[in-house]
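In what comes next, chain A is part of two complexes: it sits with chain B in the first one and with chain C in the second one.
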Partner chain A sequence: MKKTWLKNKFAFLMVLPALLFVVIFMIYPLLDAFTMSFFDVKIMGEKIFVGFNNYKKLLNHNEITLISLKNNIYFSLFTTLGTVVIGMILAILLDRKIHGWQAFRILFYLPVTLSSVVVSLLWLRIYSPNGGLLNVILNYIQLPFLEKNWLGDPNIAIFSIIMVSIWQYSGYTMIFFLAALQSIPDSLFEAARIDGIRPGQEIMYISFPLIKPVIIIVVMLQLIFSFKVFDIVWVMSTGGPGYSSSVLGTYLYTEAFRKFQMGYAQAIAVFMFIIIFSMSLIYLKLARFREASHEY
Partner chain B sequence: MASVVLKDIMKKYGDVVAVSKISLEIKDQEFVVLVGPSGCGKTTTLRMIAGLEEIDGGEIFIGDTLVNDVPPKDRDIAMVFQNYALYPHMDVYNNMAFGLKLRKFPKNEINQRVKDAAEILGIQELLQRKPKQLSGGQRQRVAVGRAIVRHPKVFLFDEPLSNLDAKLRVQMRAELSKLHDKLKTTMIYVTHDQVEAMTMGDRIVVMRDGLVQQVGSPLDLYNKPVNKFVAGFIGTPSMNFLDVILKKEGDNLFLDGQSFKLAIPAEYKSTLLSYVNQELTFGVRPQDLFDSTVSREVSFHEGTSINCTVDVVEPLGSEQDIYLTTGPHTVVAVLDMQTRTSVGADIKIAVDTSKIHLFRLDTEIAII
Partner chain C sequence: MYKKRSYFRLIRKHYLKIIQYVVLIFIAGLFIYPFVWIFISSLKDKGSILANPWGLPVKLFFSNYVLAWTKGNLGRAIFNSLFVTCTAVAITIVAACPAAYYFTKVTFRGKFLYYPILMSMVIPTAVLLIPISFLGRKLNILDSYSGLIFPYAALYIPLGIFILSNFFVSLPESLEEAAFLDGASRFQTLIHIIIPISKPAIFSAMALPFIFIWNEFTLALVLVTDSSVFTIPLALKAFAGSYSYEYDLVFAALGIVNLFLFFILIFLQRHFVRGILSGAFKY
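Let's turn to the complex of A and B:
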C-alpha cells in the first residue's frame, strides 16, 4: 500500500511541471475569460459587473451574431465537405501509384505548409476584380458571365473564402486518407478479386468500410479546425463587405481590438469555446472508436 | 474439379527471372505441393495460376480452358492466403458469404453453403464474430471456409500454416489433408516447409531459382533425389554431403574421404565405373547412419563404417541428433537413445551403404 502511494507520489511529481503549465497557461486564462465575460471591461482596466448582459447582447436577436454563426457553420461544413471529398479523390488516385505519385503527393500537400496569410494574399490577387487571374481565365474560356467581384459581393464573399480554405487544406485530408488506404494490405484486394469483385467495386466494398474510422476522425478534426477560422477571413475580407463574411473569430476580434469591448468579446470567446468543446467531446468519443477499429 | 496445366510459363520482374519456363501437369483431384526456399518462384507460380500476376510467357490451362487472359474471378479458383486476408470489417459469416453475394447467389443457398462449410470446419459458433476476435487457428479455418463455400474447381494455398504455432500447424496439416480427401478437389499448396510438403502432397514439386528441380511422390524425392539440392532440401536433418574420390582396388570400388574408406555395394559398380578417380559428392541421410556397437538395423561388413569424434549431442527424447567430425568433414547422425556418448568421445559410425547417394561435383546431378 505504502509502496503504491510512493510510486504514485513519484509519478505525480513527474507530471507536476506539465500540470502547472496547463493550469497557468490554459485553465487560468479560461477561467479569467469566463469571469471577464460577466463584466463590462473599460479600456483603462475598470471593470463593472453586468451579469449575463454580455450574453444577452450576444444571443438575443443579434443580427451580427447570427450572420457570424451562420458563416461559421457554412465555413465549417463546406470546408470539411470540400476538403474531405477532394482529399479522398486525390488519395484514391495517388493510391493507384500512378507515375510520379510521390511528386503529386508533395505538390498537393504544399499549400498546407504555407501560412494562411500568404495563401490569403495570393488568392486576394487571384480574386481581384481588376485583372485578377480567376476573372481573366473565365473571360478567356468564354465564360464572362461567371465573372464576379468575388470578395466584394456580400452574397458570395464567404463562399469565395471557403474555396480558398478548401484549396489549402485538401492536401491535409489527402495525407490522412492516403495513409489509411496504403495501410490496407494488398492481399485483401487480391482476395476480393478472387471472390469476384469487379474493378471499381473494391472502393465501395473494401476501401471505404476499412478507412471509415479515419474518415470520421478527419471529418471531426476538420469541423473543429475550421470552426476556429479567423486569419484567412480577416486577411481576405475583414469580415466584410459589412458583416457579410464575418465569422465568430473576426466578430470577436472586432469587438475586442476595434471597439475595445473586452467583456463582450470574452462572452463571444466563451460562446465559441462551448461549441468547440462540445465538438471536441464528440471527437474524443469517436477517437476511442478509432482505437477499437480494424486490425489487419 | 479440374486439372491444371502449366506450359512453359515465365515471369520476369525487370531483369530478374522469377519463374523460368515451368511446365507442369496437375491432375484432377490431385494434391500437389510446390516447395522450395524463399525466392524460388513457388508463390509467383501460384499467383500466376490464380491470375494475380500476369504471365510473361507460356500458357496456363484450368480444365480445358486457356486462362492466360481470364481475370481471377472467372477462373473458378479459390485461394487461401498466408495472412488469411479476411475482411476485417465483416463477420465470419459475411467473410465466407462475400464471394457468393458478389456472384448473386440466392440467399438460402448462401446460407446453406456457409452452414455446411462451417460444419465441416467446426466454426459454427464463430459465424457472428469479427476476424480480430478469432485466434490464428480460427482465422485459418475461416479462410479455408471462404474458399470451400465457393465450390471451386481448384484450391490454391499460399503458405497457409506459416503463421501458426508448431502444434497447431501439425493439427491443421492433418485437417487440410482430411479436407482434401473429403472434397476431392484439385489442390495446389505452396510451402517452404519440406515436412508439410512430405506429409500432405500426393506429389511434390521442388523449385529453386525459378526452375523446377524435381517432381515426384514424397518417397521418390526422399529416396531418389535427382540432384544435390533436392537431396539436401528434403529430409530433416538435411542429408550429409562429403567430398570424396571414387577409387578402384581390384574388382572393388570404394569412396576415399581422407579419413575413411567406404566400400561401394557391387550393384552400383556398372554405373560408377566411368567415374573412377573422379571427385564426387557423397550423400548420406542422418537416418542411415548407426552406432556400430549397438545397432541391429543393418548387418555391417568391413569398410562400411567411419571413425568420428562427437561434437554436439542433441537428445530429442525418442532419438538424438549427434554432430560428428571425421577428418575435414562434419556429419550429422540420428541415433537411437541406446547410444551413450558425450562431446569429445570417439565413435564408430556404420553406414547403410545400400542407401548412399553420389552426386557429380560439377553439375550436382545424382549418379546413384
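Let's turn to the complex of A and C:
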C-alpha cells in the first residue's frame, strides 16, 4: 500500500514540472482571459464588472468585428486552398524518383523556417509601390495594367497578405503530402502499370485515394493554423488601410495595446478562442477517425 | 515490335521527366529568388535599389552590413535569441521527457492530466497576450530573459510531450523488462535505456520548438519593451520601423539574419522535417 503510494508520488513528481509550466503560463492566463472579458480593465489592472457588455459591443452590429471575421475567414480559406494545392503539386513533382529531391525539399520549406517578421519585411519591399519588385516585373513583362498598390488598396490588401502566407507555407503542406506519397508501396504502381494505367491516372486513382486521410488532416490543420493569424498581418499592414485588412488578432491587439481596452480586447480573444477550439475539436474527431480507418 | 514499343515508352517517360524538372526548377526559382534578391539588394546603395530593383549591383556596398549590424544592435539581438531559445528548448525537453515517459508507460493516478496538457496546444497565442502580460508584471519578469524563456517553454512543453509520447508508445515493453530484471528502477531505465535510444525523437522534439521560438514575435512583442532584451524578430521590426526608408540597411539586416538562420538550418533541417511530421498539431 505504502509502496504504491510512493510510486504514485514519484510519478507525479516527474510530470509536475511540465504540469506547472502549462498551468501557470497557459491554463491560468486562459481562465484569466475568460474572467477579464466580463470586466472593464484599466491599464494598471483595476477592474469594473460590466457583465456581458463587452460581448454585446463585440457582436451587436459592430462593423469592425464583421470585417475582421470576414478577413479571418478569407485568410483561412484561401491560405488553406493555396497551400494545399501548391503543396500537393510540389509533392507530386518531387515524389517520383527525382535526383536531388531532398535539395528541392529544403528549398521549398525554407520560407517555413523564416520568422514572420523577416517574411513581412521582405514582401513589404516586393509589394512596395515605390520601386517594389512586383510592380517592376509586371511592368517589364508588359502587364503594367496589373500594377497595383498591393497593400495600400483597401480592396486587395488582405489578399496580398494571403499571397505571402501561401508563399511561406506551401512548403509546409508539401512535407506532409510528400511523406504520404512516399509511403505508398511501389508494388501498387507496378501492378497498375501492368494493367496499363497512364501516369496521370496513377495520381487520380492510386495516390489520391490512398492519401485522402492525410489531405483531410492537413486541410483541417491549415484552417485552424491560419485562423490564428496575427503577426504577418500586423507587420505588413497593422490591419490597415483603416480596418480593411484587420483580422481578429490585429483587432484584439489594437484594442488592447493601442486603445488600452483590455476587457473588450479579452472578449475578442475569447470569441477567437471559441472558434479555434471548436475547429480543433472537429480536427481531433477526424484525426481519431483517421487512426481508426488506418488499421488495415 | 515489343522492343519498339518499349523504346517509345522510354522517350515518353523521359519527356515527362524533363517537364517535371523544368517545372520544379522554375518553382524552386520562385521560392529562392526573394532570398537572392535580399542578398543582391543588400549590397547596393539606396539609389540603385530604387532605380534598378532587380539588376546586379554596379558597386558593392559591404558597408551596409556594418551599418545594419551596429545601428540595428543585431549582435545583441542574435545573442538574446540564441540564449532565450536554447534555454527555453532545454527546459522544454527536460520537463517533457520524463512527463511523456511517465504518462505513456506508467500507471499512476495523475494520468488523467495527459489529455488536458496536450489540449493546451490549441490555445492561440493571441488569446494569451493580455493575461500573460499581466502575469508577467505580477511575477516581475517583464523585460527580462526569464520573462520570455518561461512562457516559451510552457508553450512548447505540450508539443514536446506529444512528439515524445508518440515515440515512447512505439517502444516494445521487453526493452524495459530486461532492465527491470537487472534491478533498475523506472527512472534509471528512462535515463539509461529509453533516452539513449530515443535520440531521433528527442532531436525532433527539440528542433521544432527551436525554430518556432527563434521566430516567435507575438508574445515577445508584449513581454519585452526594453531593447537590450530584444530577440531577432523584435530587433528587426524596430530597426525597420526607425529606418523604414533606408532600404539598403533593412536588406542588409535581413541578409544577416537569414545567413544566421541558414547556418542553424544546416544542422537542424533533417530533425526539423521529422519534427514537423511527428508534431503536426502545433505550429
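In the analysis below, the second predicted complex is superposed on the first by the 269 of 296 C-alpha atoms of A that agree within 3 Å, B and C clash if a C-alpha of one lies under 4 Å from a C-alpha of the other, contacts with A are read in each partner's own complex, and residues count from 1 in each chain.
One rule holds for everything that comes next: a contact is a pair of C-beta atoms (placed from the backbone, for glycine too) under 8 Å apart; a residue touches a chain by one contact, two chains touch by 3 or more.
Nothing here was measured: the structure is a model prediction, and the numbers come from that model.
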item	value
Contacts of A:Ala269 with chain B and chain C, given as first, second, both or neither	second
Superposed model, chain A: greater residue contact from chain B or chain C	C
Partner chain(s) touched by A:Phe12 [first = chain B, second = chain C, both, neither]	second
Contacts of A:Phe25 with chain B and chain C, given as first, second, both or neither	second
Touching partner for A:Ile206 - first (chain B), second (chain C), both, neither	first
First, second, both or neither for A:Ala191, with chain B first and chain C second	first
Partner chain in contact with A:Gly132 - chain B first, chain C second, else both or neither	second
First, second, both or neither for A:Tyr109, with chain B first and chain C second	second
Overlap of the chain B and chain C footprints on chain A, listed as residue numbers	none
Interface residues, chain C side, partner chain A - complex	16, 20-21, 23-24, 27-28, 31-32, 34-35, 37-38, 41, 49-51, 53-54, 91, 94-96, 98-99, 101-103, 106, 108-110, 113, 116-117, 120, 122-132, 134-135, 137, 150-151, 153-155, 157-158, 161, 186-187, 211, 214-215, 217-218, 222, 232-234, 236-237, 240, 247, 250-251, 254, 257-258, 261, 265, 269, 272-273, 276-277, 280-281, 283
Residue ranges of chain A in contact with chain C within the complex	7-8, 10-12, 14-15, 17-19, 21-22, 24-30, 32-33, 36, 45, 90, 93-94, 96, 98, 104-111, 113-118, 121-126, 130-133, 136-137, 167, 171-172, 175-176, 179, 199, 217, 221, 224-225, 228, 230-231, 235, 248-249, 252-253, 256-257, 262, 265-266, 269-270, 272-273, 276-277, 280
Interfacial residue positions of chain A with respect to chain B in the complex	185, 187-188, 190-198, 201, 205-206, 209-210, 212, 294-296
Residues of chain B defined as touching chain A within the complex	50-52, 71-73, 77-79, 81-83, 85-89, 98-99, 102-103, 131-132, 146, 150
